[in-house]
Amino acid sequence: MFFTDGKLQYPVRVEAPDPRFARMLQQAIGGVEGEIRVCLQYFFQGWAQRDPKYRDMLLSTATEEIAHIEMLSTAVALNLEGAPTSLQDEAVAQDPAMAAILGGMSAKHYLSAGLNAMPVDSDGVPFDSSHVYANGNLAADMYSNVVAESTGRVLATRLYNMTDDPGMKDMLAFLIARDDMHQQQWLAVIEELGGNEGVLPIPNSFPHDQQVQDFQHLYVDTRIGDDVMPLEGRFTSGPTLDGQGQFGIAPAEPVGDRPELPPVAPETFPQNEQLETPPATPTT
Amino acid sequence: MFFTDGKLQYPVRVEAPDPRFARMLQQAIGGVEGEIRVCLQYFFQGWAQRDPKYRDMLLSTATEEIAHIEMLSTAVALNLEGAPTSLQDEAVAQDPAMAAILGGMSAKHYLSAGLNAMPVDSDGVPFDSSHVYANGNLAADMYSNVVAESTGRVLATRLYNMTDDPGMKDMLAFLIARDDMHQQQWLAVIEELGGNEGVLPIPNSFPHDQQVQDFQHLYVDTRIGDDVMPLEGRFTSGPTLDGQGQFGIAPAEPVGDRPELPPVAPETFPQNEQLETPPATPTT
Amino acid sequence: MFFTDGKLQYPVRVEAPDPRFARMLQQAIGGVEGEIRVCLQYFFQGWAQRDPKYRDMLLSTATEEIAHIEMLSTAVALNLEGAPTSLQDEAVAQDPAMAAILGGMSAKHYLSAGLNAMPVDSDGVPFDSSHVYANGNLAADMYSNVVAESTGRVLATRLYNMTDDPGMKDMLAFLIARDDMHQQQWLAVIEELGGNEGVLPIPNSFPHDQQVQDFQHLYVDTRIGDDVMPLEGRFTSGPTLDGQGQFGIAPAEPVGDRPELPPVAPETFPQNEQLETPPATPTT
Amino acid sequence: MFFTDGKLQYPVRVEAPDPRFARMLQQAIGGVEGEIRVCLQYFFQGWAQRDPKYRDMLLSTATEEIAHIEMLSTAVALNLEGAPTSLQDEAVAQDPAMAAILGGMSAKHYLSAGLNAMPVDSDGVPFDSSHVYANGNLAADMYSNVVAESTGRVLATRLYNMTDDPGMKDMLAFLIARDDMHQQQWLAVIEELGGNEGVLPIPNSFPHDQQVQDFQHLYVDTRIGDDVMPLEGRFTSGPTLDGQGQFGIAPAEPVGDRPELPPVAPETFPQNEQLETPPATPTT
Amino acid sequence: MFFTDGKLQYPVRVEAPDPRFARMLQQAIGGVEGEIRVCLQYFFQGWAQRDPKYRDMLLSTATEEIAHIEMLSTAVALNLEGAPTSLQDEAVAQDPAMAAILGGMSAKHYLSAGLNAMPVDSDGVPFDSSHVYANGNLAADMYSNVVAESTGRVLATRLYNMTDDPGMKDMLAFLIARDDMHQQQWLAVIEELGGNEGVLPIPNSFPHDQQVQDFQHLYVDTRIGDDVMPLEGRFTSGPTLDGQGQFGIAPAEPVGDRPELPPVAPETFPQNEQLETPPATPTT
Amino acid sequence: MFFTDGKLQYPVRVEAPDPRFARMLQQAIGGVEGEIRVCLQYFFQGWAQRDPKYRDMLLSTATEEIAHIEMLSTAVALNLEGAPTSLQDEAVAQDPAMAAILGGMSAKHYLSAGLNAMPVDSDGVPFDSSHVYANGNLAADMYSNVVAESTGRVLATRLYNMTDDPGMKDMLAFLIARDDMHQQQWLAVIEELGGNEGVLPIPNSFPHDQQVQDFQHLYVDTRIGDDVMPLEGRFTSGPTLDGQGQFGIAPAEPVGDRPELPPVAPETFPQNEQLETPPATPTT
């Protein structure tokens, strides 16, 4: 069960409301790198988790993330105070700055939400929960969370750069700190699981010898041309990160041939011409 | 520019076509953990990449991924050979196994694609390119790729478990190997960038002292109740993974207060009752 | 802020796991009439609400709804215990009932979620938060909530009918009761606002005399033909529900004429033929 | 069958075309509270309706709604007359007002539609017919229609406020009047069905005694903290709106316990560590 | 304005209801090749059309298409009569055919629509109006309509093949005939516009000499390898279809070089390593 | 398999970067008429194609289209050089032109992509692969490709008109030329298949005499009213385009009657009132 105390996790202040910034903040609410996503992602991972320690950790942090959506929704509403709501009023008609604000704000903030936050991104695209990554493999889930917090923190730093409002900068500095912690939190679980050597390849429960051996540590180079530079990096030579082999590199070469598909089925109603037998391989 | 030789990267054979497996393979084509996603993701990361080494690496692997979509699309068409296309034909009406196959296959495979592959997932949901993670920060992008290959390899192992067809098992064993390599490839870049100490927190170019210090390494515990067990793990004590501090843990406590929103704007046309001043804080 | 105690609001038991029912339960999680929707809807309405009483009511119930998603996610995982994960194993191949179960379950439950719940509907379509109705007008929001709970309760009764598992029936009987309460809760607010006479037309803050008077209480009948029966009902005569007029009925008749659009703009690059002046009205 | 006379239901005039307003009008065409939605919603409800009176009423009004989409599409095309279609022409480059108009208009109106209306919302997000609520229960459907017309009328009043164009104000004053009528029309059906006492709880055909009695009229209060104000309202005491009980209120308390999920299935290929038995409940 | 007479354009009968066929029929309602799409497409093209003849033609046929959605929705409801609505009732438990039907039907038909049609495709994916092609160029629009009717007729023939029900076959035979007519109708407009010579290249109003001449009639062959067969067809030699040139063919060769992007902007917060100048071209 | 040489198919230069144009170019990348769509469409058609000539043609052109996405992605990044990334910096605050640019650019270009291209349209709506038309009938597929290239070329001409940048105009003049070639290429296949007489009606493999003869060449006129002008065109009289009949025209008249649906099923839990038998036809 869940409970609420009605208070903000961290103060949310706006000194100079800017409807354009309200729109940008939406990316942190309903964007694919936003807080609704991390919140639902940690919940669904937690509800699937059998280990009570990781279950508690996931659900506890998921619960914290609701408070982040709450903070950002509050910030959106505060930035929309006094937003222009008429195309023809004097301020908009005579002041290019106001006209620019009206052009840059989200029309839906006024039209559909009455100057409040919405569960959409900065372009008004609704959040779609296919972005909730929870596939039941703990290591895959932890890396999915690292991505959520990394893209989230990159977004928060860009929002921080976009504004000069001290209240907004303070709120974002808090969220940036939480994303720092959460990145390290999920990677700490990877470390508990043995780090690269322990978790790779994900899933580590699939019998290693059942995969095609020749291709498991080989960089396949699909580049062609006379002036291709050799690719050299940690990923082309030396031991693999799981310690189970050596990286290699080779030019791409097909092992298969042209595919042979079954003939067109008449009951799919192709054109009559498709029902005639084509030559097995094209010839001149 | 791009080129093709018309051949499969690896052989694709199906001994006993099964339309239900054709449908499941769609998840590896158009699912969020599928090959269209990784292909477009690496392309968009590559086209944005300024470092020629990483640009080449990304575009080269992106180009390989097209061949994986091609293999899977071929596998879908092969599994659809002889699929039932009538609800009332004798085989379906009298053989429960055939009836089950017709029920478990994708109707769209016949109705919309004429017994061929589609860029959709196993439920017929079209691929949506918001899943192409490419945010311009190299470390965030690399972790996004680790997720793509981890979820992709987990999916491939489950598909491997689902079938007994030797051709399909062989094809999947190849893809499982490639996903192994690619996981290690992206993590090798993280290692080139200095590993956890070098890349954390992502982005590492944001001035560290501008985030709220008190909260940057603190596990916030939102759990309540008499029987809550203490949470102890790598993420609650000891040095953080970037080596810049110590993990801590503390019960959740609001730093903020109840939010104070501006009054409802009359031009949003609320109900008249909303325009009356409510009490600043609820009282009994 | 938000907190959790790690416990289920109401017990969730499954005696005879059925993966097909797991799939159907998804509709109550990620369907448009599901619990993610009501949860987010009440949160966003609450975070926008200025009246502390309604704010508290909305946020308190939103917080309860997380527990419902938790219950349903648990129910899905329990129903997936022992689900078939191979097309060719003996049970599936020889037992038509098992084959039917495999055909009727969600492939993604195994392939993408490792036999756990997902934030999608019973067809695997992800929840899309455009269904979060929160437009800032209290009466419109309350009716949106009545719809959420009405469609939710209809769904729950159909799920109740679909299963004979006593544990599932008990869980659904609880959710059906909560949806009953919540329907009445939102309509009680309508009553607090004065019932139909008080809230209609929504928004009641728009000056009534600025709408086109002739059409505000008139049923426009677009039906034609010799055998059209007269329409008689509460909506064609008698006082309107807001007590401000009388219902009427009249056959549809255009007040406008054929629209006159501006000529095609050459810079939209139409076909050349479209740039020639067409006759103002078609003639023979 | 359906027929058309080629004329507008109500005149559509634009004196001063404004491409920004064209974009905002899109919300009333393809937004979730727009006319495509109501049109399709009434059609699908009507085509499912067995009672000829309600069937005729629904289909007749659905047919009227096509005319509303037609009016709005005409209004969009008229507002796009003379819209800027070049970033560098003199007017745009030298006149900040023109620049603001170009910034605030929909690029797709020019790029994809040749200065005409599209079935998208004001942010260019396409209409998605999951918003067509038609679940077969008459009362649920009627409330869904009340929501459609309430959110639609709120939107129309905001659009009315946004413009000073007399033609547009007149058109919107007509649509606002129709939304008034339609709100009352659907609530009139609720009254025909017996009002709150008759229709609640929806569906009223589910045996009342099969829901969990203790929770059916109880406001569950999930708020915690020392300074929580008591919640008092029509929804916490007094008779319920269906006359079948008394409202109550109680603090949230879990009836269930920590969920017990089945062990992780090895064939889902989790990490090896997940296959080890975790402790049944976390302990220190 | 629009009107209705309440009758079906063509009779809809079902002798042996089959819920699986109900699900397949959904593709013809809400699939991308379905009737909602053609209906909305012709409406939006018509509302944008300035030539009264084409406007009337488009709106008249759009109005006919509503009747097709109506027929199909009726057919869905008729096929759902007697559908199984319980996982455990005797028929389902003991009769593998019934079990297969329950597995193959759409759960949402029962759960969300009460055994009625929905505006979704055969996989329950909602129709999304980005498929309404109406770009303001008459020739492009006509070809979009040819596609709508061609894919629609292919779908209808496959549905015809799927069923043996005489009523359903009769209804589909009618729809197949209408799609025949409509294909020819839109191509007749192409002929009115001068056929291939008149309409190509679309748009024909763009000054022909402003496109890059060398590439306008050249098949660019991206195939490589020793065993590539020469490509010979109507599209590699002879006059182009607009009579303005000759087809040619040439192997793909880049005219451009490696792209030179601007340096990474520090305010995008990349990793620090990305801010160091990389070598202009990769070297060994 | 696929290969890359790392070079642009055609040079991409930008003299005066404009972030607003960057946003508009997105329509050509991720719009429904954009290059991702054509690329995936030709790939999926090619992977399904049995005739080696058409297979090679499709895959070869699909491979070319990747290079077009690459060019456009490069153009987007170049146009984003120097884009404003702060709401409050001096340039934005004091220069209305800069303010307009910030308002008209895509916030996501900065916030989510770090000033790089994304697989979304000009409104930030992600590409959705349901727009990949590949239904297995060659003629239907070819017309789908004509639409892709026609709408693509119309878009490219509008983008050409929107900019004065010589580099961008040159790049677009190249793409406009390729779209010209590709339109003619797909229509050349139609000609190889026999032109209108050969391909119509699509599919031409469905037995012609099984469709309802009376309606196959008849324009059904749904227009009513006293002042309806007669419709006369190539589509109302004369031979049909497939040479198999004569066009005709007739006013719409229902052949069917009011539909008779089965009674409401009690297990769908309608309102009790719906379970009472309604009159078979409405009477006064």
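Per-chain numbering from 1; labels A, B, C, D, E and F assigned in written order.
The criterion applied here is as follows: a contact is a pair of C-beta atoms (placed from the backbone, for glycine too) under 8 Å apart; a residue touches a chain by one contact, two chains touch by 3 or more.
This structure is a prediction, so every number in the text was calculated from the model and none was measured.
Looking at subunit B and subunit C, the chains that touch each of them are A, D, E, F. Contact with subunit E and subunit F alike is made by A, B, C, D.
Residue-number overlap of contact pairs with B-C passes half for only one option from E-F, A-D or A-E: A-D. Counting the residue numbers that touch the partner chain, subunit A and subunit E have more than half of them in common. Centre-to-centre separation between subunit B and subunit E, using Cα means, comes to 27 Å. In this assembly, the C-alpha centroid of subunit A lies 9 Å from the C-alpha centroid of subunit B.
Residues of subunit D found to touch two or more other chains are 1-9, 32-33, 48, 52-53, 56, 59-60, 63-64, 74, 77, 85-86, 96, 100, 103-104, 110, 112, 114-115, 120, 123-126, 128, 130, 135-137, 139, 151, 154-155, 157-158, 161, 202-203, 206, 222-224, 229, 252, 254, 258, 261, 264, 267-270, 281-282.
Shown here, the protein chains touch in all possible pairs.
Those residues of subunit E that touch subunit C in the shared complex are 1-7, 48, 50-53, 56, 85-88, 93, 96, 99-100, 102-104, 106-108, 110-112, 114, 120, 123-126, 136-139, 193, 199, 202-206.
Residues of subunit B that touch subunit D in their complex: 154, 157-158, 161, 224, 229-230, 232, 267-269, 281-284. Residue ranges on subunit C touching subunit A, taken from their complex, read 1-9, 30, 36, 40, 43-44, 47-48, 55-56, 59-60, 63-64, 66-67, 69-70, 73-74, 77, 112-120, 126-130, 132, 134-137.
Listed in rising order, the residues of subunit A touching subunit F in the complex are 18, 20-21, 23-24, 27, 31-33, 96-97, 100-101, 103-104, 121-125, 154-155, 158-159, 161-164, 222-225, 228, 252-254, 258, 261, 263-264, 266, 268-275, 278-282.
Partner subunit F is touched in their complex by these residues of subunit E: 3, 5-12, 32-33, 52-53, 56-57, 59-61, 63-64, 71, 74, 77-78, 81-82, 85-86, 110, 114-115, 125, 128, 130-131, 133, 135-137, 139-140, 143-144, 146-147, 149-151, 153-155, 157, 160, 170, 173-174, 176-181, 183-185, 187-189, 191-192, 196, 200-203, 206, 210-224, 229, 231, 233-235, 240-242, 247, 252, 254-259, 261-262, 264-265, 267-270.
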